[in-house]
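Once you've had a glance at the structure underneath, I'll fire off some questions.
All chains are identified by letter, namely A, B, C and D, in their written order; residue positions are counted from 1 within each chain.
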Amino acid sequence: MSMNSFGHLFRVTTWGESHGPALGATVDGCPPGVTIDEAMLQHWLDRRKPGTSKYTTQRREADAVKILSGTFEGRTTGTPVQLMIENTDQRSKDYGDIMEKFRPGHADITYWQKYGIRDYRGGGRSSARETAARVAAGGLARAALAALAPKLEIRGYMTQIGPYKMDHDRFEDVQIDQNPFFCPDAQAAEDWAGYLDGLRKSGNSVGAVVEVVARNVPAGLGAPVYGKLDTDLAAAMMSINAVKGVEIGEGMNAATLTGEDNADEIFMGNDGQPVYSSNHAGGILGGISTGQDVVVRFAVKPTSSILKTRQTITKSGEAAEIITKGRHDPCVGIRAVPVGEAMMACVILDHILLQRGQIGGAVGETRGKIG
Amino acid sequence: MSMNSFGHLFRVTTWGESHGPALGATVDGCPPGVTIDEAMLQHWLDRRKPGTSKYTTQRREADAVKILSGTFEGRTTGTPVQLMIENTDQRSKDYGDIMEKFRPGHADITYWQKYGIRDYRGGGRSSARETAARVAAGGLARAALAALAPKLEIRGYMTQIGPYKMDHDRFEDVQIDQNPFFCPDAQAAEDWAGYLDGLRKSGNSVGAVVEVVARNVPAGLGAPVYGKLDTDLAAAMMSINAVKGVEIGEGMNAATLTGEDNADEIFMGNDGQPVYSSNHAGGILGGISTGQDVVVRFAVKPTSSILKTRQTITKSGEAAEIITKGRHDPCVGIRAVPVGEAMMACVILDHILLQRGQIGGAVGETRGKIG
Amino acid sequence: MSMNSFGHLFRVTTWGESHGPALGATVDGCPPGVTIDEAMLQHWLDRRKPGTSKYTTQRREADAVKILSGTFEGRTTGTPVQLMIENTDQRSKDYGDIMEKFRPGHADITYWQKYGIRDYRGGGRSSARETAARVAAGGLARAALAALAPKLEIRGYMTQIGPYKMDHDRFEDVQIDQNPFFCPDAQAAEDWAGYLDGLRKSGNSVGAVVEVVARNVPAGLGAPVYGKLDTDLAAAMMSINAVKGVEIGEGMNAATLTGEDNADEIFMGNDGQPVYSSNHAGGILGGISTGQDVVVRFAVKPTSSILKTRQTITKSGEAAEIITKGRHDPCVGIRAVPVGEAMMACVILDHILLQRGQIGGAVGETRGKIG
Amino acid sequence: MSMNSFGHLFRVTTWGESHGPALGATVDGCPPGVTIDEAMLQHWLDRRKPGTSKYTTQRREADAVKILSGTFEGRTTGTPVQLMIENTDQRSKDYGDIMEKFRPGHADITYWQKYGIRDYRGGGRSSARETAARVAAGGLARAALAALAPKLEIRGYMTQIGPYKMDHDRFEDVQIDQNPFFCPDAQAAEDWAGYLDGLRKSGNSVGAVVEVVARNVPAGLGAPVYGKLDTDLAAAMMSINAVKGVEIGEGMNAATLTGEDNADEIFMGNDGQPVYSSNHAGGILGGISTGQDVVVRFAVKPTSSILKTRQTITKSGEAAEIITKGRHDPCVGIRAVPVGEAMMACVILDHILLQRGQIGGAVGETRGKIG
């Protein structure tokens, strides 16, 4: 019942602080025989790495991942895989001012109240650096998925920064990796660049919406009632720091629809599998995947560490003003894209293992046949 | 690792189908010595009970709860509490048509694909009836909270039906129990009545948004990273059937805010506790409660069982049309209000137990002092 | 993290007290499609039922099990199975004397100290009646095993009562059901009858050793390190009330052996599977099943509720004498035989599900081939 | 549901192989504010370290532990503590012969069958080296216990090697650290030295019995039914590699006793707490601690890696002979003493946290008062 773990059979425990010697993920339950090496994991970490554009924190971290256990001759053995990332650019002197003052909108005050002790260097455990460990674990999950469900694809992208939404009519998959925002709409990416430049220079920050889609997900993943696939996805995304809202399919908008409009009609496809007229459900009915795209969206709040003066208090209860210097993300939502993908990969893999545990059969095979 | 359980120390497992002999909740980990009887639980079940107005299903269920274990002379003993609700008005003949056809937007097809067997009478395990068990468990959680955190209050209400939102400026707590919609805005309740009447007569249904607030929550509940209070609340709410989106505080709207606007400034209150200029965070920072109101919102999709003709397929893969007769909720979101409250009660109690387990001290006491 | 649950994927939560309205087991994670009905479960419960001979308690309980959920048309649906047994012969008046006094060797004092409240009627949750729920759950596990691993057999029997051991050279499987002791040695059973008659008449009780063997267990079940098959078996057996020791294979005797004597040599069998020269390991190496018989043994302490006068104290701390009247087992170990079998069935099934979850493949297939 | 984890609130996940770069323990749920540093952990690791006498493996490992996370300025922060031990003396060339052959009595064959891949260098995950991680975690548990229950003491020692038992009448606590066997009986230690010398020279090995006692354990730890303190202790000890039997109090011998002899009579002590005439129960009644010494015993089988020629098969199924060279323990039970102590510390701490989570109150306070 670790508070720092997620997953049922593919179980990930992350550990480490932003300014300690290292952080990482202990991954238990990975299927054996999965081909993996550090370079494969590094590929995903490099997408989340700070300092890749002027729109992310200028902290310089190699984020080089080491595999300390659970593999042998380039394949997983089925035993726990320890993934470690050493911290190399801590500069904890930057954080002197927040020893005594609590940053508004930040975990400083609650960690202090809860634990009575706080690693104030860079937020400690509440730092976005923790998500590097998730991306590493997600890289391992992707490698396992490549073996178990080779057609499955996971793709994350930003759909909104501040008040500016992308236009879904201009969605182009290839654009996602062409701009610093993982934005599939080239025009929006250009607009966002200008907007963020202004914010960054003024020392402010802004929120964002990230969407993650899993394609070619086998039907039958998830379970009633607390094991619903949407439950685990909601928990996975909400556990990412700074996330405050999670949606599956229509999400909050489902409130506005009638039953007639919302229910995706069902037809038989040419390949003998059911097809649907639409995907309001986000690929999940009754908590179980339908075989359609699984669509999750989450909102990331703006970074609290900003150069604007804010009112706060000190540990001794005195009123104070605070400006958070240091190197922060003007839009931490950007780097949340690979993190959301990683969480999706972990959840899908976990449910594939759960499915074959309880039900059996080959991955992708459904127990109940249609037709 | 039960898929039908939630909670860590206060652990609830629900069981039962809509048309079997009974359903219920097995609750383990309840503190001993909590005063409880069936009437106290019934109070909460009666708020969720079908047939209380023309806006909910006309199925007649007494929803009478029995305590089968875990209490002695009116108090909990610390051993598992079994809460059973017998089904009395199943009328499974109503469901003949859905033996072979899958209702669009419903769990019919995914349960069939996953399990290869399906209790088609009324949705079986995917029915909203399952939530009666949660309300019973929530009633027990409330009784425990009354002893442990007597000032804590949990209040749910609807804020939106279809496109119609309530006006927060007209919020009156006393209104919530004065209309069939748990709506704190008397004017909105009146408007909704007319709107739902029309929908109901046309055999259609609609979605809704429910907000649940917990007041006087002790600071310090929740934990990094996967044990964040928002993570467990998101999972709890998303696990309710038909829920497709969950928000904490600003929720999805957090994406639109700047860091300057979003960060709640901190001051010292007259009682020596921190106070905040606002509550964008929904009472949770870094996954840990601040002592402000904990605010959760969720969207409930419209009931899929409608009198409108929809295209679907049969188990043998043939195209078919379906109209779902039977007795259904035109807006199942209404009855989700007491369910959301129950989940909030369970999650808060669970985290109070977790908090004193890891940290110790009296409930409401913080380990780190301010001032 | 329920304290009253066991199993990982096949997860059993028992509930209920000896003198409440009912007790039972909530079983989650059962594979779908398993043929089951109440008569199939009753078969196993009848073996554990009190009052079947003069060597067990004379309490009269039908121990009639009802299936309240999780099945449809005689097969499991994959959702939680609720198994309920109503208490019919409570006679709680027998227990008046133990309201105030703590029975030596019994849970009375520790339940009181821990919880500050205690269902003193018959031991409440600590009563051997709780094991009826395990036997019901075990019956379901056996039905699932019959489908998944049809050659697997589980057999329990007594090997010792008090100082009297059976003679393994006289082991005859058919004898087990021919005497009231589940003893495979007809001669020993006869001797034990005389011995127990004396004890029973004198109001005393005695301990016993039970051995449970699972034959034709697939190789590959269990996992390092805390998921060792022996770990889960040890926990399963030790969790039975009155059990104070658990052994796998050689058990405590392994201490006396040299490495040369203890290591089971390996050969190829005629069927292309490994065979072993002996089975000191009890069918488990490195926590993983070898394919040999899995052999577990456990000691059951004597019933504490005896007609002998014992010194104790009252709740108010005064010295007192106590004689426990009521209807008790002179050797509660006898009825522990079907309980041990039930626990073995649950553990093996659980590990079969875990195995195919992490590794995949058909039940009984090993991932690594030999030859 | 990690297979490599144990504990509920104080949750330990061990990782790493004997010949990989490192191994360690990820510990979640440790109370905050516990004073700890690497030297404090090293103290316990040095007791388990190989090569301290001629009776343990001659592998040279510094077993130097590093704390990578979860502490700040010498105290725990309440977040996961990562404890890493680098492997420095792997010499994997010693293991060439076991690439193809399975060692009898060893996990080689089952790991291969289960996973289809095996880190054959030194047993990989099944090696006794894994227990170093447990000792490190146990050191942290002891530090937390020192703060929470300062009177509590945990002491392990050997009571038997091969057929030679110590004499309890010669028990002297101070002797335990005066001989290489952790034996409290000086005379026995001398006898064992001679016996083991002979075995070691002949290339053979032998089993042992270890007893671990916890003194001044608060009453009230543990819970019905699967959360019994004896259940968790049995699982904890049985999960140690090479352990094949576990006993609480009288253990297997409980079978031989009558109810009259076995039940520990209860009296009031001078300090107003119950005292008992004896401790057949091993300090646990109904799964809950009584306040007496908690007494656990376990049998460790002889090391399978011996210099004697044994019959076995190869991966390709051919008959073969094997002699295991390399550096092995003639009696691996010796080094199991600090491991058993570590497991006891982890279990007791975990149950203290569980107790105050469900019940509340100060550590050592009972909810139900006597007198």
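Assume contacts are C-beta pairs under 8 Å (C-beta built on N, C-alpha and C of every residue); 3 or more make two chains touch, one makes a residue touch a chain.
Computed from a prediction, not measured in an experiment: that's the story for all the values here.
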item	value
Far-end chain from subunit A, centres as C-alpha averages	C
Pair exhibiting more inter-chain C-beta contacts, A-C or B-C	B-C
Intercentroid distance (Cα basis), subunit B paired with subunit A, Å	26
Distance from the mean Cα position of subunit C to that of subunit A, given in whole angstrom	44
Chain centre separation in whole Å, for subunit C relative to subunit B (CA means)	38
Multi-partner residues of subunit B (each touching 2 or more other chains)	1-5, 8-9, 14, 29, 32-33, 78-79, 114-118, 125, 223-224, 354, 359, 367
Residues of subunit A defined as touching subunit B within the complex	1-6, 8, 14, 102-118, 125-126, 130, 160-163, 199, 204-209, 219-220, 222-228, 230-235, 237-239, 241, 243-268, 272, 274, 277, 280-282, 284-290, 297, 299-306, 308, 310-313, 315-319, 333, 354-355, 359, 366-371
Subunit D partner contacts - residues on subunit B that touch it in the complex	1, 9, 29-33, 78-79, 148, 223-224, 353-354, 356-360, 362-363, 367
Contact set on subunit A toward subunit D in their complex	1-5, 8-9, 11, 13-17, 20-24, 26, 28-29, 32-33, 66, 68-70, 72, 75-82, 84, 114-119, 124-125
